[in-house]
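Each of the next two complexes has chain A plus one more chain, namely chain B in the first and chain C in the second.
And now, the complex of A and B:
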């Protein structure tokens, strides 16, 4: 009975306890808003160049594949709709989440794991400072704050890039394309994308916090913790995305 | 500002130089086939579950959105043909490669980084064993072998995820789904999909081993190498995906 199922259950339970402890310590100790702001600024500024590049290339590919799919059906005007629906509802929230998970999430895991290795987390506990309130909560709030903003930015960039490819590479009519694209984006879609990214932000921060916080000591432990954290974040985010899509649009 | 523009070019140059060294060791035959098979087995067994677990829900999401949208045109029957296009041409290769980068790529970077800071790589070189050939080439080759295979697996499970939603949840008939599945795709698309996987596998393998091989600065350095690997891999995959999609499917005819 040992092996994978047991490890899985133990991890899920441990994560639940960690999550509850984070929430409790936040209410007990209050929020260090200066740390939250500092973290959000770091996160936003550092994530932006990478995210912008990715958003541009996702936009280009949405246009190319939309064109490949719909021109086969003789419905080129649907490319704009496809870009709008695919980009705004699904791809951009997930893209921004993946990017923040890969960059900020792994960084947080590595940082906590290094602190664990160097016994700095134990030192905080000895000094009666709650390490979760000090180290995890500010990042959690910062990611939940910044990720929706990054999502909206990446949506804008992806749409612009898609328009560029559609007009200059695929030779579609600009007016038609933009009309079809914009008329298929509603305020509800944007609100749903924002809501999704708040959920993703909470998942990313707590999962990467959990794996860093309870990592094994030493360089191997640091590497292992970051590695596991990214994969778990990806799987959980995509599963939650399915659940949210079913609830919001199904 | 100038620094921000020049840095990517420098990075590309360094990566290219590293790739050249890997190629030289590969051509000179200074690598072990046994090690290659062992690495490939590790990558495949460790990445199989994550790939299946992510691509399934992704296919399901396309199923939900596709059903809702195609409902507007009463064109439910198109779902499976659209699903197979997006899954096989785009999402299968990209998601498989991203997951492999996150799981196996980052662990390659961590392994090599740990070897570097423990001076095991220097020890290999002192023993007159080519460290690139011994540690790096088998890992890169393992990626190049496994990612195309996982891409094919991902394509299948992605379509299955869509099938589960369309047939199980929305009550589309099994026959309609299957009949339209291969309407717009052929063997060419499957081969192109695997080819994309091959390119991404080489990229991820090179980036991961490069970051790990050049790690410095203790445990934090290893963490940084792992982190950089995932970010750089995802970025390279997306850029190459655009180029490859334009090349393979992008004729505007």
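And now, the complex of A and C:
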């Protein structure tokens, strides 16, 4: 019988070892920047359309909810602030992370798990090529580079969409709305959102890498690894988000 | 005998409760072809994976070309593996790369040949395995036997000192199979490569082998030249050979 705590500890330990091995392999075998670039491009191009759509509609709804809450109080100026605080500080970083986890994270886990199953990872090892440097680190760096960029873009899109709804649908004064919104977004906020997204990127990439790299062989192993990776990524990201918000704004 | 290329001493390997190899002692000769025979599931593939350090033995020592494999550091293993080419039982071609890129992969990583020289080497190896001109195809579009031959080409492209083949002939027609056997013979003569070949094809095994080892139930039940193995009185060896070679089966009534 293996109890849940034991499985948990073994997983955490295994993840730690995997993470350390990735860092070590980066120093030992260098970084395949060509692969990083290739992965970044793929990731950016793939995640952008869905993320952009979601960011736009998050912006619209923040504006509507802000309006519903504050106009009754006669504090319509607070709508812009609501959009700024919610969108920039919380929703957009998580939204971008979720999209990258769904697109790039799952793909990375599944791909590694298939390669493990078909002995392609073993084949790399036998060819004296470090499979982490070849397969994991490039995706890891790509995700950590692209996710902050996607986060900033999604923030911009959400703000523009919110402004559109506020002005054309809710009939707010554009100048006032934008002023209030922008005055509540500081450089610190943007830096904090970027910092969050770097953390999320690291979590998504290493967790999906870990579950794929050590998946059990066979089709069941591939499915299992992908499922577990998604669950763990989401839980860890949302917990880290809480911790970071507490530290940065608490 | 010259220093053996591979030496297993008291090697034991189990997965959970299932003991695959137990107290295995074997020495394989340098510059010759050793064929490992045995029924399915006896641990022939495990033997090769132990040899290259993909698996760690539970007990015993493994030496390859004078290097201790068990407990070796990654650096030591990688240095050794640069001298080894391996064909996995299911090919293990990289799905995301074309046939040409698959075969070129070790060259791009470990040699300083330019692109033209690499292309030429790839073309030569593909021709040797009877598949000229398929560089641009993707592994997924190949038949099982073709994939096997492509990964065979990848295993020998570096002209390694030691070549490990996990069932190079399975899934091949008899003519192609003979061509592969002939290729093994030629490369051994011309390049002095030590081949370690796992096989189900007993007739082919006796054709290419300098040494034959037979594994059964986790142990070595016969080892020697083909003549020696043919003369073995071990009941399992008799049975295994009789089914395949029209030899009298001493066990059956």
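Simple rule for what comes next: the second predicted complex is superposed on the first by the 246 of 250 C-alpha atoms of A that agree within 3 Å, B and C clash if a C-alpha of one lies under 4 Å from a C-alpha of the other, contacts with A are read in each partner's own complex, and residues count from 1 in each chain.
One rule holds for everything that comes next: contacts are C-beta pairs under 8 Å (C-beta built on N, C-alpha and C of every residue); 3 or more make two chains touch, one makes a residue touch a chain.
The structure displayed is predicted, hence computed values, not measured ones.
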- Task: Identify the partner contact of A:125: answer first if only chain B is touched, second if only chain C is, both if each is, neither if none is.
- Result: second
- Using the superposition on chain A described above, determine whether A:58 touches chain B (first), chain C (second), both, or neither. first
- Message: Taking the superposition on A as described, I'd like to know which of chain B and chain C A:245 touches: first, second, both or neither.
- Response: first
- Is A:45 in contact with chain B, with chain C, with both, or with neither (first, second, both, neither)? neither
- Task: Decide which partner touches more residues of chain A, taking chain B and chain C as the two options.
- Result: B
- Considering only touches as defined above, state whether A:9 meets chain B (first), chain C (second), both or neither. neither
- Note on the structure: Overlap of chain B and chain C contacts on chain A, residues 114, 118
- Note on the structure: In the complex, the residues of chain C that touch chain A are 49, 52, 54, 74, 77-79, 81-82, 84, 86, 88-90, 92-95, 105-106, 109-110
- chain A residues touching chain C in their complex are 114-115, 118-120, 122-123, 125-130
- Would you mind writing out the residues of chain B in touch with chain A in their complex? 4, 50, 53-54, 57-58, 60-61, 64-65, 68-69, 78, 82, 85-86, 89-90, 98-99, 102-103, 106-107, 109-111, 113-114, 117-118, 184, 218-220, 222-224, 226-227, 230-231, 234-235, 238-239, 241-242, 245-246, 249-250, 252
- Give every residue of chain A touching chain B within the complex, in rising order. 49-50, 53-54, 57-58, 60-61, 64-65, 67-69, 72-73, 81, 85-86, 89-90, 98-99, 102-103, 106-107, 109-111, 113-114, 117-118, 169-171, 218-220, 222-224, 226-227, 230-231, 234-235, 238-239, 241-242, 245-246, 249-250
